[in-house]
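Next come two complexes built around chain A: one with chain B, the other with chain C.
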Partner chain A sequence: MSAIMMAHSDHSINELLDQARINQDPYRAAALHPWLDGSQRAICEKIIFAHRRQPRLFAQASYTPVSLLQRLAREKDQITLNKLVKNTATPTKVLKQLLQGDDDRQRQDAVAAHPNASAALLDSIEDQESSVRREAICYNQNTGLMQMYRLLERASLHECKGMAQNPHADSTLLRQLWTAFGDQYLRAEIASHSNCPTELLSAALNSESTLLRRKAAGNANLSDSQLVDLLTDSNAQVRVASLRRLEHATLSLIDDPARRVRREMARKSVLDSQLIKNLADDEDHWVRRWVARNSVAPESVLRKLAKDEQTEVRRGVARNSSTPVDLIIELASDAESWVRAAVAIRSDLDEEIIQQLHDDESVDVLAGLGRNPASPQALLAHIAVHPDRDVRRSVALNPRASSEVLERLLEDPYPINRATLCRHPALGEDELWQLTDDAQEQVRFSAVQQLCSRGAS
Partner chain B sequence: MKILVPVKQVGVLDEDFELRDDGRDVDPDYLEHELNEWDDYAWEEALRLREEYGDDVEIIPLTVGPEEAEDGLRKCLAKGGERGIRVWDSAMEDSDPMAISRVIASVAEREQVDMVFAGTLASDHGFAQTGVSVAGRLGWPQAAVVSNLEYQPGASTAQLRRELEGGLEEVMTIQCPAVLTIQLGINEPRYASLRGIKQAKAKPIEELSHTDLGLSDDQVGVAGSASRVRRMYVPEKGQAELIEGTSAEQAQRIAEIIKQMQGEA
Partner chain C sequence: MAEILVIAEQRRGDLIAASLECIAAAVELKQQGDRSVAVCILAPSPQDYVEQLSAAGVDEIITIEAAQAEFQSDEFSATLLSLIEQRRPELVLTAHSIDAWGYAPALAIQGGFGYASDVFAIRYENNELIATRAGYAEKVHVEVDFPGRTTVLLTVRGNTFKPVEANGSPQLSSFETKAISARSTHEEYIEPESGGEVDITQAEYMLSIGRGISEEDNVEEFAELAESMEFTLGCSRPIADNGWLPKYRQVGQSGKTVSNCSVYLALGISGSVQHMAGMKHVPNIIAVNTDPEASIFNIARYGVVADIFDIAEELRNHFE
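On to the complex of A and B.
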């Protein structure tokens, strides 16, 4: 990105860089880093590396720009490098850069376990003699098929379990793993794998082991008829696992003795009317709660559940997109604020209900209204100065909040609210500039980052 | 009427850390620093009294530490108060709570304060000794782990509640002046406003050495301390168990452990 890129008609990247330099602010410098070229980056890096502790902080932070992570990978400080290799945001190209000419075994082990390490990188650090390295590579989801075949020759049962979870394992490898130890946990992982060979899946489905049948029931390749057959399994966990993969629940389960099966049924988007009716009368309130949330629940059932003694059930009705308006109005006056809060977050609220909730004293209700895109700007302006910081933050999270309303949060005493504010697309650029001079470093970082992003788009 | 609030920038350990070469403390390279949480509550309690009873109440944050410790004072001053005090010089390195309390008590006498609010303990070393030692040196009554305070500045007594073991609370009256060590949760510390943070940068912080307080070299640092850290180490792991295996295996093992703990297995 060019140094002459304008972040705003009146301000430029150069002004931001000047700010960072005058204040010797590593956070503004870090946010600017990816947008600068050679000589300007050098200015930023001088600020960032002025104190030994600061690079270490950036090396472990999830928000650090990739360009800065790349620069940090060239550091000599061992603590910085150790933090960098453990940072889950470090991309594979930086990990690769880190390993060049680095013979530190612990860092290599950390790369082997890193979720961003590519198959090629993992291949390059294979060490059959090291159990730590082998285990890390076996459990890394990016490990390639050919490397797994090589590792299989010396793999322990524990390592085989890791490979059985790898999405790149093919049917041939899974067959070899199946016969390797005869361990039921290993076989259970294979049974749930999307590349599990048909004969092994069949063996698992017909196994006496509940674990094997349950994991097989979760296999994405099972047909609907196979899943329906599993609904008659004697084990409730197996029935739940198969039900979870089905779009609908069958009437055969209407009297299922297991609560967990009935709870799973209550969440289905295709439900027989008799089944819904039965579930709505269930003694378990979690079952009733899921029916109350279910958009296929008929009006009569919702009206009944709206009077349920359990708060969570009534809240479920309040959140249901199929609930009729008159019922929503009724729930907006519920004695429990948790139910009224569920009404407050509905984006389809009309003015009458919003007015009804306007004077509510519950922080949950007000935070709901604050986030609600249907709330009028006058109400948002009122909520933006509420004494509770979490209520105020809800306005910063409202995608429809106007720039005038958002200005009220510019001097919010809670730093997280100001940092959240920076990311709001409606916040004016002058206000963002104001936040680049904030007392809190994360706010300054976010403000500079946003200004640069806006200038680039 | 003056309230002195000693505060400390405590060390916060990194995820990975190493000990110093002498094996007696953590390598400072692995430490971040922040205001001790208990002290934040103590300062808030002082702020609350000042707000309630007006400008006749002066509240003063004090820290004993090097230049970097000034950050803690600025954080306090961003919320209120007009001035701070920092005491430090090279002779004060490695002071233990007894030596630190001598410094704090000297400042309390110099400033002629009426009350001292300290945090119950510091989260890094956790001695919980500094506040009570200050009381001893001043010859004042003290109450530790104070979870509620009713006090009118200038009054001869204060009513307070203290947290005891087993969830018990003790209601007591204490003669003033006194030293109170404040417990977490006694109030809800505020966040400093942006204006407050900017203003705090200009507020005066008086810098003193131990000699300014009339203390001799053998009253501070190692010579003035009653204890000495001989060794710091990470003990071998006890009953921690790393649960390995597939998710099904881990669930099975967790269920077994819960049953064992419930005496079912």
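On to the complex of A and C.
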């Protein structure tokens, strides 16, 4: 018998296994599966495989432990295998295991499209005759360079676009793709690729196509001087794309007629003081909204924006880490609850502000305080019994909530709240043990999983 | 001739929209057979609502002057029981509203009526009434019939039927309210928080974001996109849980049902059962997700397996 003991109690993994066996509970058994071996694991599997439906459910679930996925890969049931191969949580080793001795073409196609399929695995299932397989491999980000060269010989335009997005494509392959069809969308993908050859990038930057210039402007290899040159482009989309890559905004754009350009400027971490003052007066509320959130905005600008007529602009100031305390206090009394809620989720709140928000009736404000690590335990205890289930859940999401406060959520009528509670590190083991007997399977699964991982650490 | 009776409802002087939807349901059923439609309104000044309730297809409006200025469940159940016993309608419809929760189940028990709440489809099959409601936290649709019941009372889910317009000329009658000794008294009316300017249940075009958004600044980007597309912004639970969008924008079981939506663009939403409970009925769901096996694709009309930020950028360039 395995002897992982729970860290602070007398409960052992054997008791959990007994519980799963007595209740014939596949969820407790699945959570225990990775922690057991030999005959104990066989007990779990007997419970899990007692009904045909259950393995199928686990085969497609994102939470299923790898050990169980490995076991499921040995199943004969075709539906289980089909679900397993499409599960994005299925790791490379299980995909490899699935392919061994399996000549099912649809499953091989599914592996070809799987995000965890390795380059070697993709190489092993290459089939030039199958358009489905070729397309899947061309679009798979793990496909290796040599395989792409092989696929290039008979690749369609659509398949070439997939390869142009592949991070392993080198400059030679990209050159070949560039000339393959003369298609501007394919060339646009190449222009934005980090391995795009200089001459192609240059061709894209000087192209008459806005799409090509825009995509080229987003290329990570452009120098600052190239990006600055693009700021004079006649098309706003190109100016936005180049501005996005620059750390700073230039004064030359101060009166840019395109609001998208001004919005992008307002987000920059290096901004001239005159520029930021101008942007704070912009008629477009989105420009002011981004300035309000910008941590480089000077105090005078924040004070002005804190009185803006737009709720979201004032909220931006309340979310800004540079906003001075007296302004935060002011915003904590804002007429709009959404602005007060922005104050409530600040982790730097002092007692005075928390007191100010304590009696607020807005669910957004209370939920903000509920998950705020600065909130006192007495307040959290109060919020944990609020009539609104989302407000109560906020306490289970608070990393500083004490075990005493969390106990209040043990019998919360909303299952998601109890499942969230299981994942809280401060929840006591006796309480977790209680949740292993919950009416909801997701709660039981989470509780057993937590107990086992605590015991192992 | 069998009668369908609609109980209209007002709140603080305004007729609630769901009453006009109930009339629409009644008129639709009237067209399926030989039935008449009567609408009753119990309010301090019931005549004030007659014009609005005079929809095509309504045969009679019954005004009942309420003794109490505010809703009083005992007054409603006693008066309506008396009205129903006198008229013996085959079917009684009322909105699935907070007031109806206060009197409809009690009324059904007192009168021995068939009863189903939160109904969103009603039909006659071989002259037998069939109502459809959800069960098991919206996971299944349940068809309910009422064998042996001469009167059936249904509360009707809002935004299910298109509200009628007032262009009919029904006959008018009145009914006396029943004298009661109420077990509760009205203390104060507290206006519910409106949720700023947006009621997502009324939105026709929704852009909804989920966990794939990753961080708060990205929420702002998608809010900007929604505005430029003239879509209403919604979200799934994790976004509201983080405090990145207000609760009133949350779609789903613990959020809201986007009853009036015709196009729902789901970006980075995997499609939990809880989220889908609030939007799976939308006729045009467009889902964008990097995981081709995401549950949302099971209910989407159009699916895009792609990075939501790439798609958002192209949409931004298109709509700006």
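In this text, the second predicted complex is superposed on the first by the 448 of 457 C-alpha atoms of A that agree within 3 Å, B and C clash if a C-alpha of one lies under 4 Å from a C-alpha of the other, contacts with A are read in each partner's own complex, and residues count from 1 in each chain.
We adopt the following convention: a residue touches a chain if its C-beta (ideal position, glycine included) is under 8 Å from a C-beta of that chain, and two chains touch if they have at least 3 such contacts.
A quick note: this is a predicted structure, and the numbers were derived from the prediction, not measured.
When both complexes are superposed on chain A, chain B and chain C occupy overlapping space and clash. The partner of chain A that touches more of its residues, comparing chain B with chain C, is C.
When the shared chain is aligned, chain B comes close enough to touch A:Ala439, but chain C does not.
After overlaying the two complexes on the shared chain, residue contacts for A:Thr323 are found with neither chain B nor chain C. Touch criterion not met for A:Gln97: it reaches neither chain B nor chain C.
When the two complexes are overlaid on their common chain A, residue A:Tyr414 makes contact with chain B and with chain C alike. Touch criterion not met for A:Asn398: it reaches neither chain B nor chain C. By the document's definition of touching, neither partner reaches A:Ser242: not chain B, not chain C. In the superposition on chain A, A:Trp286 makes contact with chain C only, not with chain B. Of the two partner chains, neither chain B nor chain C is touched by A:Thr143. Comparing the two interfaces of chain A, the one with chain B and the one with chain C have residues 60, 389, 414 in common. Listed in rising order, the residues of chain A touching chain B in the complex are 52-53, 57, 60, 79, 82-83, 158, 161, 164-165, 185-186, 188-189, 211, 215, 389, 411, 413-415, 438-439. Every residue of chain A that touches chain C in the complex is listed here, in rising order: 60, 86-88, 113, 214, 236-237, 260, 263, 267, 286, 289-290, 293, 311-312, 319, 336-338, 341-342, 344-345, 361-364, 367-368, 371, 389-390, 393-394, 397, 414, 416. Partner chain A is touched in their complex by these residues of chain B: 15-16, 29-30, 32, 78, 190-195, 197-198, 244-246, 248-249. On the side of chain C, the complex with chain A involves touching residues 193, 196, 216-217, 220, 223-224, 227, 237, 240-241, 243, 246-247, 250, 254, 274, 291-293, 316-317, 320.
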